[in-house]
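After this come two complexes, each holding chain A, first together with chain B and then together with chain C.
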Partner chain A sequence: MDEFIIATLRYGTPLVYVTLAGVLAQRAGIWNLGLEGLMIVGCCASVLGLVQTGSLLFGLGLAVVLCVLGSILLWFVVEKLRANPIIAGLGLTGLGLGGTDLAVQAIYGSQASVTAPEGLPRLGAIFGPAVGPYGVLSILVVLMPFVVIGLWILLRRTRFGLQLAAAGEHPFAARSVGVSPSRMRLVALSLGGVLCALGGAELALGSLQIFAYGMTAGRGFMGFSAVIFGGGHPIGSSFAALFFSVVGAIGIRAQLMFGDRVPHDLLLALPYVATVAGVWISGRLRGGARAAAVSGELRDY
Partner chain B sequence: MMLKGRLITVGRAIAFVLLALILCGIVFQLAGYSAKEMFQSIADGAFLNPGAWKNSLRWALPLFITACGVAISFRCGFFNVGAQGQFYLGAIGATFVVDFMAGWPAFVVIPLAFLAGILGGAIWALWPALLRVRSGTDEVITTLMGNFIAGLVLIYVCSGILKDPSGTGQVMASRPVSPAFRISTNSGLSPTIIGIVIVVGVAMWLLVNRTAFGVLSSLAGRNPIMVVWQGAKLSRLGIAGFVLGGALAGLAGTIEVLGPNGRLVSGFLPAHGFTAILIALVASLSITGTAIVSLFFGGLAAASLYLPVLAGLPSAAIDIINAAIALFITARTVPGLARLAARRRASGST
Partner chain C sequence: MAPSGAPALECRDVSVSYGPVAALSGVSLRLAPGLIHAVCGQNGAGKTTFARVASGLVRPNRGALFISGQEVATGNVARARAAGVELVHQSFALPPSFTVAEAMEFGAEKGTPIYSRRGLEARWKQHLENLGVRVRLRDRIRDLAVEQQQGVEIARALVAEASVLILDEPTAVLSPTGVEMLFDRLRNLKAGGVTILLILHKIREVLGVADTVTVLRGGKLVEGPLPAGDTTPQRLAHAIVGSAAEQALSGADEAALTGAEGRDLGASVEPVASVPATPAGPVALEIAGASTRADPEGPALADIDLAVGRSEIVGVAGVEGNGQRTLVRMLANLADLQSGRIALAGTDVTRGALAARRGAGLRIIPFERNTEGLSLASSLWENWSARQLLFGPLLKLISPAAWRRDCDLSLKQWDVRYATTTQPAGSLSGGNAQKLILAREVDADASLIIAAQPTRGLDVGATAFVWKSLRAARERGCGVLLISSDLDELFDISDRLIVMLSGRIVAEFRPPYSLSAVGAAMTGAR
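This part shows the complex of A and B:
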């Protein structure tokens, strides 16, 4: 059971961080499909920063800076150039995947992956043997529930959260009380960039300590789906993300238990199938996910 | 007025592609490459070297077919971003027929392989379409997830049922397609393939510009409420556009397997679907435009093979160019310009 929970948390923590970034963007009225690209930038920058300078903090800082810059680029294209957020987001994802590939090739030549000398601080190293088998989890896993609750407070219990929701759902109302929807979106996307950097760092340095091309494998898109499944609510969406991770962990368990009797590649597809099912259910319940943003177009009137 | 509108569309597309290329140049410089050398090598690999255009055409032909399908489903107002998965399923379907009917005569097997490929792609588009129309499930997510699932199915069949037993452990692939069933050599240019592309292009042009379906679908994309009021079935239109898009992607997959590829390789052409979406968008969803723009992106696809082998530069450069174009291509305005136009409209001097 312990192993199962650990597998779920390892799979789920990066996903929850990215989901929260998606929640912020969704609240501001932007369909952020660039999450996948921001996340891989977070993975790559944290590992390369750590390997090149030997400092974990530098790696994390680099990841945060680059992810925020990427988010600002998306904001500029969507808000100022009025591009379609879905296609622009997919473009940002492509830019992240291609850019990280180019960065690795520029520094290391045609090498498939980069291994980091150390990872994020582990629970076992901080609290000693008291935490038992959970000592292998990283510090960001423990931080995750606090970030979720913090974001819930920010979105549901503060003036800023209300203004953000207004900017997303009814920009005209927001503007009429002197809140600039454009600026609110910039803040939401930038904060999302920080969360994507954390998610990427956890994925790359939490348990594996490696960067490999395309290692996010659709987690950004899954996080986006969790936002839809959870109706844009921070806690609901986080639980949706954890649900996808449980399915992923079941796939890993099944692989260990049944061995070759069940095809390994099809078990890997389980989280994607769960994502489709989740979005399908939420569509049934809410009568279409498009209610918030028609065709993903930015509302600005 | 029509002509002027069209010229503005073309000019806008070219302007944003140039903007994307400038951004790429900056990225290349930052990564430590010479942007000038990079663009020079890309142009060499795509068009300038002797024989390069033949290679570009080889890549442009299947891309054109998939892009036509994408254009049609986008015209109906449905964001079918699952061209990659539909392309894979088409390739898998065709390979199954070729593999299991190896002893049969070619005139039976080849049409059946095409049928299986088209069906494979269509089925992979049908379920997101049904989910969208029946229960409002967002098609962007379902088709994206469909791409990942299709990629895993491709690995599964290449390492299982269709595996080439004589192959090495490095790359998983199916048995090579028997020469009798091939529709072109590895060069990918043969009268059969060019004929198919021309037939598809003309048929799609007629469908979009000369039929009720074409008119209604482009109206449905722009103003769905009006179409419903006029008594057309929006859901049927959407499913038809979606399935047609999938069928064309499946056809492209079949052409790749029976033509230049000659076998099914796990994870082959991972950028095909995304490039096809880009082509359709750069061409603003017109079929004529798609044909022209396909040549450009076919050139880029050829260059992505040329770069690492002959110029010693990473092929990721092409991915970055494609992505940057995607980032900008749907932009509708330049900052300041919109405000200027609005002011002119407000002052009444149209």
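This part shows the complex of A and C:
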């Protein structure tokens, strides 16, 4: 059982961070499809920063700065150049995937992956043997529930959260009380950039200590689906993300149990199948497509 | 009316232009504190722009804004709000998913940094009660009736210490009793020292509530502010319409526009009696016992019985959201019909698709001109010829050149102002866009025309044109089902009036209409 929970948290923590970034963007009225790109930038920058300088903090800082810059780029393209947010987000994902590959090749030649000398601080190293098998988890796993609660308070229990929601749902209403929807989106996307950086760093340095090309493997899109599944609510969406990771952990378990009797690829595909099912269910529950259509069009007159 | 001290709101030489169009030019206006001021004018006269300049939503190209004697930076809502100016919008500006309490909070200023749901409700309960707005704080904005929504919107505007409250066309969505309630509320606010600026276009309402009247026409100040006691409905009407457009109005139309006294006489100006009440032959529309499932755009219809005769205009009155949209959607085969029967000109179309219904003579002028009626990005001729696409085999070749020619001819007949038939429909003004729809929908084969809010947002000239077209269709033997929230319009043009409430037809009236009886039926007050 411990193993199963550890597997779920390892798989789920990066996903939750990136999901929260999606929640922020969705509340501000942008369906952010750039999450995948931002996340891989977070993976790559944290590993490369660490390898090049030997400082974990520098790696994390580099990841945060680059992810925030990527988010600001998305904001600029959507808000100032009036591009379609979906297309711009997909563009950002392409930029992230291609850009990280280019960076690795430029620095290390045609090396498939970069291995980091150390990872994020582990629980075992901080709290000693008291945490038992959970000692292998990184500090960001413990931080995750607090970030979820903190974001819930920010979004649902402060006036800032209401103004952000107004900017996303009815920009004209926000403007009518003197709130700039554009500035609200900048704030939401930038905060989301920080979360993507953390999610990427956890994925690359949490358990693996490695950066490999395309290692996010669609987790950004999965986080995007969790936002839809969770109805844009920080806690609901985080649970949706954890649900996807439970399915992922079941897949890993099943590989161990069934061995070669069941094709590996099929089991690895489980979380993605669950994602599709989740989006379908949420569509049945609350008219997802229509909700998305309404949110996609920013009314401002 | 001696202004005591500084005016509550003053504009100096304000000009606003949107591209080549001047919405306001050189308007200077001083409004004394503690009174109810009305600004009236036609559509496009610049009323809404004026309200938005005063509240900081629109930055004028030129001019200055003073609030209580202090100059305020233009085009900055936060500054205008800090100075005490609040605006209540024509179409409400609250996020639909917010609860009432959240809607109060999101524009507020002081208060705890982190709130609890209960704390928020406790904070705003008293505020709403003081204003006489009776809603539950947990209800979502989208679930409120329009009157409640407006009450919440006004309460939202008063969360800070507002000294000037601007309301943009607040009566457009209200029933007659709702209007009275609103005016009582405004008088109470005035007694509390708030200066109120009402943007209105109905003269009767203006004279009923306002202390001073200001008239805008074509973005210019025509008259005022002059004391409401010093003017008459006729004089105001002339100031609003101007002398040139005036001749286009028939007596009855003018009576409807000014909401003149003795409206019961106004209805009889038209020779309604000369039209046979139930003409022989198949009626244009017959609905028997129709019920629908709940519809995304309104309540379900329950047991609707309705007949529209040939050469008859039947008006549908009712507060918005009581099934009018579902009725139109049912006739267009968009709503799920559960039971009942629909016949068009004697042909049963209960199970018929829209193409069959259009073939039987159904024509629809939809509620939303810009989303349901036209494809704004498509050209005029494409919009105009859309109806042809329903008929004939799927692979039938079409000739765009011929259609462009036909469209050109048709649009000229309908007096649409345009440069070329290939320009996008979105480039037309509201009145011309509506004429384009009329040109498409009102043809010789029509047997029943459904006109849903056909004059909403149109100026006086275009409104009169729509009314004339509907009357002409009636003379040709067409049935007309007119859905409108403007009772003056319905009283003026309908041969018969039905009232819808919660998806049912609750009353039927024949001229002469009584405002109080129709109003009572609309609100279910009987």
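To be clear about the criterion, the second predicted complex is superposed on the first by the 290 of 301 C-alpha atoms of A that agree within 3 Å, B and C clash if a C-alpha of one lies under 4 Å from a C-alpha of the other, contacts with A are read in each partner's own complex, and residues count from 1 in each chain.
Operating definition for what follows: contacts are C-beta pairs under 8 Å (C-beta built on N, C-alpha and C of every residue); 3 or more make two chains touch, one makes a residue touch a chain.
In this text the structure is predicted, and so the values were computed from the model without any measurement.
Of the two partner chains, chain B is the only one that A:97 touches; chain C does not reach it. By the document's definition of touching, of the two partners only chain B reaches A:228; chain C does not. In the superposed model, A:106 lies in contact with chain B only, and not with chain C.
In the superposed model, A:166 lies in contact with chain C only, and not with chain B.
In the superposition on chain A, A:115 makes contact with neither chain B nor chain C. Legend: residue contacts after superposition of the two complexes on their common chain; A:53 is shown touching neither chain B nor chain C. Which of chain B and chain C touches more residues of chain A: that partner is B. Those residues of chain A whose C-beta lies close enough to touch chain B in the complex are 31, 33, 73-74, 77, 80-84, 86-88, 90-95, 97-99, 101-103, 105-106, 110, 217-218, 221, 224-225, 228, 263, 265-266, 268-269, 272-273, 275-276, 279-280, 283-284, 286-290, 295-296.
Within the complex formed with chain C, the chain A residues making contact are 153, 157-159, 162-163, 165-166, 169-170, 172-173, 175-179. Residue ranges on chain C touching chain A, taken from their complex, read 55-57, 76-81, 87, 89, 93-98, 102, 105-108, 111, 113-116. The touching residues of chain B, when paired with chain A in their complex, are 27-28, 31-33, 77, 79, 81, 131, 135-138, 140-142, 144-146, 148-149, 152-153, 155-156, 159-160, 274, 277, 281, 308, 314, 316-317, 319-320, 322-335, 338.
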